[in-house]
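In what comes next, chain A is part of two complexes: it sits with chain B in the first one and with chain C in the second one.
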Partner chain A sequence: MPLLAFVVIVFGVPMLVLLGGTFTKEGTFSTANLTESLQGAYLTALIGSVKISALVAVLGGVLGTILAQAVVTSRFRALREAVLTASGVLANFGGVPLAFAWIATLGNSGVVTTTLGLGEHGWSLYNFWGLTLVYLYFSIPLQVLTVVPALDGLRPQWREAAQNNGASTWQFWRYVGVPVLTPALLGGVVLLFGGAFAAYATAQAMVGSTVPLVTLKIADALSGNVLIGHENVALALSLDMIVIAGLVMAVYLPLQRRSARWLR
Partner chain B sequence: MNGARVEFRGLRRRFGSTVALDGLDLTVEPGELLALLGPSGCGKTTALRCLAGFEQPDEGEILVDGADITRVPANRRDAGMVFQSYSLFPNLNARDNVGFGLRVRKVPAAKRHARAQELLELVGLPSVGDRYPHQLSGGQQQRVALARALALEPRVLLLDEPLSALDAKVRVTLREEIRRLQLSLGITTIFVTHDQEEALSMADRVAVLRAGRLEQVADPATLYDRPATPFVAEFVGAMNHLPGVLSGDRVTVLGQTLPVEGQPPASAEADVLVRPEAVLVTPDAEGGGIVMVSSFRGSTTRLRIRLGDGTEVLADVPGHDSARFAPGTAVRVGLVERPVLVSARTETGATPAVPEPDVV
Partner chain C sequence: MASLTPQVTTQVSPGTAPRRGGRPRRPRVWRGVVLVLAAVYFLVPLIASFVFTVKVPDGGFSLDAYGQIFAAEGFGTSLLLSLGLGIATIVLVLLLTLPAAVAVRLGAPRLRPVLEVVCTLPLVVPPITFVAGISMVLRWGPDYLASTPFYQTIISLQNPDFPVVLVLAYVVLALPFVYRSLDAGLGAIDVRTLSEAARNLGASWPHVLLRVIIPNMRSAMASASFLTLALVLGEFTIARLLSFQTFPVWIYTISGSQAQVSVAVSVFSLLITWLLLLALSSAGARQRSGS
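So, the complex of A and B:
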């Protein structure tokens, strides 16, 4: 009961406000805000956010899994502990401090940029790829934390049984390892997607409006920096984000449910 | 299928400071079921894993039908293996688990499924093909694992304590089925176990290992009746250590003089090793012994008897005699007239080798 009350207050009430605002234009019911949120610069921002989030989720998922596997198979216990501790810290390193850490390192006047003369070779941190790099900085450790317990759960007997049946390492991963790890891998990728999709402060501090992102557009619409009276469009954009997150979960949950059965 | 001859030659394997195998020499004949028996850490599983290719010996060779396979990768060896437990692939149903090796070899699906079904029928599970491992009992899982190990028609079958995680009744049923299958297929089988009853009841021969070395290899009856060393005598079956005095090739124990089996130790005072079933017990108020504990086991009853000098003796009597030998009964103890194994006297020589905690 307390949990239900908490959910109603924290999620239910804002959702009602969001829905109410989205479908209200000049005091009457309307879908104009929603239509506007899916046009022009707003649509570009939405697509931009999905693109960067998907890229970060896939790259972070792959690189994080490879790193996690290296950690799990390492014979050095200290290395494992060090990587896991660092991942715990870095996965929670975000917002403006993260942006400034990168600006100080690889920004136009960053230590590494000036030392190596990267600027002369066209290097810039303040674009789509620069932002992707910064997002990966906290996404890869997050994937490591998500996948390590699952990799630990892969029983050595499965690999040996596969070998005993003539399977190569590749065949073991293809037929057994990856399917068994699917829930954890997908869970990690969804988490990474969500983290990048909802990120705001890092992008705001780093790229401003150079890279079109939906979170930046929502902030602009709410603060009225550019236009006034667009608060309800911001709510419509938020609804768009919820729908996209829902679609991602709709793909993930059935797959997760099927694979989770195997490990019971 | 037909079995291959397997030879371990001078096999050594060390894990850090622990010596798992210390020059193991052993030959398994074609079509034979050989049990590797021994206490934890004796090297039996390491020997099996070396044969499967999961461990590389530091020294020595493994030969299958004369061919040295010591450095052949695990996935290219002609040996099927059943693991202790939880080795079925959780994401594949029973049919696909059995057909896994055929899938790896790119056998068409229809042929693969037909072969898997055949094998499931062979292990007595014709209708579980569509079930996933989590939907099968422990015994069913091990049967499926057995079918999977046989799918590629290997010439050697390796069983690594496959029954240890099962309950007692399933264990007995399954071990009989494994033996039946092994005999009908004629496949050379090496069975690792720490359960002496399992080893003695299933194997053509039993190899007892101790600290990475072969202590004795013999058929079950010989191993039990004529243990080559005191270690084998103690490890296989229950054994009394009774104080005795040597005189040439005879030993005096509990007032009887019996011939000595094998080489006696140098000292005159020795421990005489006697099985509980070789101890004769008769109710006798003047016999000098008192039944301390009576443990009913169905066909037999095991008695723990204390003699006048404090020596304790284990004795097996027919189960229907248990009422005659209730705790507190005065008895006379004698030994069956037959050669006995003798070892150097130990400090605890006056106590039975196998403690009997169960009390009636």
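So, the complex of A and C:
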């Protein structure tokens, strides 16, 4: 099949080169690059990326689920349609324009910053929390999109059955609602993690290098902003990223299968 | 609460108060608060960006920044480049994915898991690591292949007027979305019956694909194309690291000198992307209600 051949060449070859480059130093096999990529500033960046992604995933997961529940239980159909459409649009809203929209809003000379005089209170968008705030902007809609089908699948009959058996609201959620929803919720959280982990454009346009992130480090190393000969460390960092993303995604696939069983 | 469980309301005689007497009002307040907070969070940046672009230092109002977009150097070329890349990517990704998706449905169901894994991989591998690999290949190419015909290929892949290498990379990035959309489209029609009927009537395989399957797949192909176009128009990581001036890279470049214009372009490009996606989702909604 031409498709498989295409993927092998265009996707497989770069990945092989990446793997090869990671384990080569000055022409011989070595794990020095990998070791270096797990030390010092690189390790800080890696941890920084994992930290922000985990925070965004958990916050986005919780807030997105609350918003989704509010929309699903709402009586207005128009509201539901509007929120779902907006979510579809906002979840795809990333990259450079997102960063600029936030800079114009809460950046140093942003509209909200100057109107409310936030600058005098030491406000800055260009740090870890600012970046989290911005990442949530596309993460929450994504979570809404992932959990709304699951919340819809939570049949009212189950709730009634639980009530007929004398269960309280809390017991219903504890023993029926949350267990059924868990796979979908976690699946959403995993997606958010992946999205925040891989994000580069927004971070580059917003914080430059004030927040240590692994994507920024890789980009710096590749474009030669650091010492010559460190390209292979960038490759090693890339490999670290793939391993982390792969591990997280490996959690997602079985979860998706489990949630599909209940949500027909 | 009764109104949101349609199956239930029919059983409850009209006029009965909500049966869960214990919690009649609280959820509504809670829901209102959540929705208002969400609206503030999601709308303020949009409104603020617009205000930012029309604000003049002395407190007036002007749409100059939007006018300057078109005059700014590089706007036309970078936008055209991105659009061209988008179209090329759409053509290539459809040409590759559609036959594969059909073949998996009809002839080789055992290859299906393989295809699914292949189409999920680009989601697992972050674009930045993908581009790290690509740039290494492009950098090493001249060293190892200088004496072979491949050398010319590598050079022409990177032609700055139309970087084919970006098209190839974008096809990989778009693959998961396109495959899912096409697979869903194929699931909605009875491919096997249709193609067998056509074959019995003497149609060749290309004929079946072109005249029978594709016309039935129009909406799935349209949604796949829209998604791909939106992806290509917004892609920054790969283009920047391979140093090509696509539209998002251009926005980033001018932000240093003309902050207001760059925000104006952001708003503008958002509008384009949103119109695309809104068209897509409303088309999808129409189809759902139609079927």
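Here is the rule we use: the second predicted complex is superposed on the first by the 238 of 264 C-alpha atoms of A that agree within 3 Å, B and C clash if a C-alpha of one lies under 4 Å from a C-alpha of the other, contacts with A are read in each partner's own complex, and residues count from 1 in each chain.
One rule holds for everything that comes next: a contact is a pair of C-beta atoms (placed from the backbone, for glycine too) under 8 Å apart; a residue touches a chain by one contact, two chains touch by 3 or more.
A quick note: this is a predicted structure, and the numbers were derived from the prediction, not measured.
Engineer: Just to be sure I read the superposition right, which of the two partners does A:L222 touch: chain B = first, chain C = second, or both, or neither?
Structural biologist: second
Engineer: Tell me the contact category for A:A198 with respect to chain B and chain C: first, second, both or neither.
Structural biologist: A:A198 contacts chain C only, not chain B.
Engineer: Who wins on chain A residues touched, chain B or chain C?
Structural biologist: Higher number of touched chain A residues: C.
Engineer: Scan A:A162 for contacts with chain B and chain C and give back first, second, both or neither.
Structural biologist: Touch partner of A:A162: chain B, not chain C.
Engineer: Quick check on the superposed pair: does A:G21 touch chain B, chain C, both, or neither? Answer first, second, both or neither.
Structural biologist: After superposition on chain A, A:G21 lies in contact with chain C alone.
Engineer: May I ask you to decide whether A:V180 touches chain B, chain C, both, or neither, giving the answer as first, second, both or neither?
Structural biologist: Touch partner of A:V180: chain B, not chain C.
Engineer: Overlap of the chain B and chain C footprints on chain A, residue-wise?
Structural biologist: Shared contact residues on chain A: 157, 160, 163.
Engineer: Note which residues of chain A are touching chain C in the complex, please.
Structural biologist: 1-4, 6-7, 10-11, 13-18, 21, 66-67, 70-75, 79, 81, 85-86, 88-90, 92-97, 100-106, 109-112, 137, 140-141, 156-157, 160, 163, 169, 194, 197-198, 200-201, 204-205, 215, 218-219, 222-223, 231, 234-235, 238-239, 241-242, 245-246, 249, 253
Engineer: For chain C, which residues are in contact with chain A within the complex?
Structural biologist: 1, 3-5, 7-8, 20, 22-23, 27, 30-31, 34-35, 38, 41-42, 44-46, 48-49, 51-53, 55, 96-97, 99-100, 103, 111, 114-115, 118, 120-137, 139-140, 168-169, 171-172, 175, 230, 234-237, 240-241, 243, 248, 251-252, 255, 259, 262-263, 265-267, 269-270, 273-274, 277-278, 281-282, 285
Engineer: Help me check something: in the complex, which residues belonging to chain B touch chain A?
Structural biologist: Chain B residues touching chain A: 52-54, 73-77, 79-81, 83-84, 86-92, 100-101, 103-105, 132-134, 145, 148-149, 151-152.
Engineer: Taking the complex as given, what residues does chain A use to touch chain B?
Structural biologist: 155, 157-158, 160-168, 171, 175-176, 179-180, 259, 261-264
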